[in-house]
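First chain written, first letter: the chains are A, B, C and D, and each begins at residue 1.
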């Protein structure tokens, strides 16, 4: 197995040119996430409407390619979807990272599934799982209105 | 149970002491180590060593996993609810110092009372003495009765509205008395007073279930549990682990570090500053496996049988005075022999390869109470047999011979 | 020097990492352990184990002697004047916490100043932060220059009449800068300000002579000196060891224990509460013997050669930015690669069996100053050769390849 | 070798019936000694005249047979002698405990030498050396007018 399994084209692309990396206008909820062991940081901004639909989502932060790509892919995947659907997607995503299984989430297009699956290589790199999940946990935290910083060492 | 087989797992027993086979009756001081524990340490250093939690490379990942798996094993073994409740320290002494310092700084003020007992080991008194000095607090000592126990009433009558914590031993390391911890916890929780249990002698010899005991803190000394030196464990209920301030500062336990302020991570990391006792903790996982391979119930049963035989045997000797007569006794018998100082006893025993401890056993308060400066102590481990007790009995007779003719 | 022969004394290098031979460039984090150290621990547990200083039996006597002989070896190795100056702790972090707590409680008051540097590891900042909080003291940070050093003037200009202690690292664990400790001590002693040196990176890589350095405290991390985990050393000049109050309370460190008061023994016992890291300390005696078998001068020379080769080699790669350019550098090189996060570097390196560290290396203040969240760090031990550096160089190229095409 | 080498008749006799175990009348100097590890304690009382001659010496205390015997033998040996001579005797005594050598101190009678030598078995029992020397160090301390308790852990 090759290191390229971890750093797939899609991951590198999103790592280098993260989408939605800014403070989105009119966000009404946000949360910070921090991995104290390696210093990765994200700040997720969310515009959630009354029906809990994610009208807009963006992030700021700094970290490794995996964490930036994961945040970027997350924003692209979640924008426009219901919070409940997003949580389901996260579940599948976590399962994939843990089991290395394939993704075929019904609510996602094939392209979206493939994009998410680009991170499946993380399974073989246990120390990097936190990099891949930080943005996601921070998103949930933001949506649920938490105040404290998400800390991966919790 | 096949004690010879169990004993054969401890390399130390292959050695001769003064030309004699080693008879080890000093496990309350520190237990011997089975081969699987020793081998685990060797393997860790030879194949897996790296500093944990800090690097991304494979060795570090493996080492971190082995370390954290041990935390999970401990959590399971003591039946803690959360892994955040299991904090590794360098010994039980540090575990108690951590609580005395972190809890004491935050919750104990001038005039507040700390309730301990006359049975306590210095490890469960000196740290509270520091807080007494710093905060102007008061330490109350629940009285030990003639049986060498502290009964629940002795504690009850000292509880006041000023009592901020109760700190008691699980088993006295001198009289062997098993304390009514559950009852004390029930009593204390009526008044919402936290209870710290010094479990040094409890953990190796009793079933340890944090849910059943219900205590707030429990301190364990791994080297008395067939484990390596250099590791202790503090169980701290999540509600305390969450709010207590950190104890030592350094790498690993921080959140964000700025020039004007610092935030900290959560338990257990918050309490584990600097490079940990990695190899020792990993080695301890094998101690738990060793104990579980025999079964703590079987250990208790075996030790009980040997203990009863020992009491019976040595009480037959009129020159012997066994200290205390607790209703429930752990694997410890302290005694004196008329006209012979405990140090002389230990020296004479040693000539026959018999290792016991003589002294005040870090319990000066108790010894003063009993009016003796020192005592001899025989304590059991899973490797002891009735033969060891027979040897003890002969050695006592030899003491009498040396001194009386 | 025959590095292959030296390397062959470290069992870990017989293992494969991801199918590749291990190339270990993470010794500043923790060094690997030679066979004699591992074997000593095995032997201690298998043939000599007992709790020390407490029992009169033969095993305890032997164990105590082995333990105290190690103290003598350390005393000699660091050229301390008195054995009371050598205190065993669980790690260097604890050594610094001990000083911050015992010295701080006694001598630091509201408005007093603690002088540290921007280079300090969290272990030499967080403990002082605790005292800052408790006492209302002030921490001043001597500035680090563009070379990644703190020069003597940066320290000089911060010294005031309120400065109560200066706490500095011997070698920065990020930039590798060797600090002018002797000059700082001379400066400080004019004003009678004690100096604590965080010697974690100094002790394994420099000649350590307490008489020449003249510092008041020196903290050592044994696991970075080819020694076991679970042991650190605090050197404390006798004048301080005599008067500082104890740090942790428990068995062994007491004089007389009464219900209303407690007296303590003298250093080092005063500072060594509870059951110590017996096996680890005894094992460390073999680390010192290992170092002496090669000779610290030879170690320094060898590491210098490799370090220079490494600097030269990796600077050739334009994508690499080496952090700091100190005039005198210890065995450490931290760097970044353009466009690639240090964690990604470490992961890609690991695929080739190359272990380095990525992160802030417990130096957030310094990283913030340099405007980077993290860096990659390669650090040397006696077992490293030019081949390892060539591997490092190829691995850097591989990173560029993975990320840039 | 036998445990009887340590517990010789003379030692046991002095251990069981220590001589001069009392507070002597008219003492003008005294000092306490303590071995915190095992709990042995002695309190030495001294009547020293202006020429530094030990006119009277006694002790109180509790401890093992070795420490009591050693204190007892010390008082018998030193009473009536000059402090300087006593210090020389102590030197020889310490040397004996360390090397296991024979004693033949000129200033002592043969009987006195033999009595002192009864403690030579201690050499083989390193943990017991402190028991045998505690009273002696405490005596020196008393004679030199020290105030603190002699602590064998120093």
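What to note about this one:
In the analysis below, a residue touches a chain if its C-beta (ideal position, glycine included) is under 8 Å from a C-beta of that chain, and two chains touch if they have at least 3 such contacts.
Everything numeric here is computed off the predicted structure, so don't read it as measured data.
Among the pairs A-B and A-C, the greater number of C-beta contacts is found at A-C.
Repeating the B-D interface, with the same residue numbers in over half of the contact pairs, is the pair A-C out of A-C, A-B or C-D. A straight line joining the Cα centres of chain B and chain C is 31 Å long. Taking each chain's centre as the mean of its C-alpha atoms, chain A lies 46 Å from chain B. Per-chain CA centroids place chain A at a distance of 38 Å from chain C. Averaging C-alpha coordinates per chain places the centre of chain C 46 Å away from that of chain D. Among the residues of chain B, those touching two or more other chains are numbered 54, 56, 60, 254, 256, 343, 347, 358-359, 364. Looking at chain D, one finds that residues 37-38, 127-128 touch two or more other chains.
Looking at the complex, you find that chain B touches chain D at residues 339-344, 347-348, 351, 358-360, 364, 367, 373-374, 398, 402-403. Chain C meets chain D in the complex at residues 53-54, 56, 60-61, 64-65, 254-256, 265-266, 269.
Chain A makes touch with chain C in their complex at residues 2-4, 6-7, 12, 16, 37-41, 62-66, 125, 127-128, 131. Of all the residues in chain C, the ones that touch chain B in their complex are 11-12, 14-15, 17-18, 22, 26, 29-30, 32-33, 37-38, 41-42, 45-47, 49-51, 54-60, 90-94, 96-97, 100, 121-123, 125-127, 129-130, 139, 141, 221, 223, 228-232, 248-254, 256-259, 262, 273-280, 343, 346-347, 349-350, 354-359, 362, 364-365, 368.
Within the complex formed with chain C, the residues of chain D that make contact are 34, 36-38, 126-128, 149, 151, 153-154.
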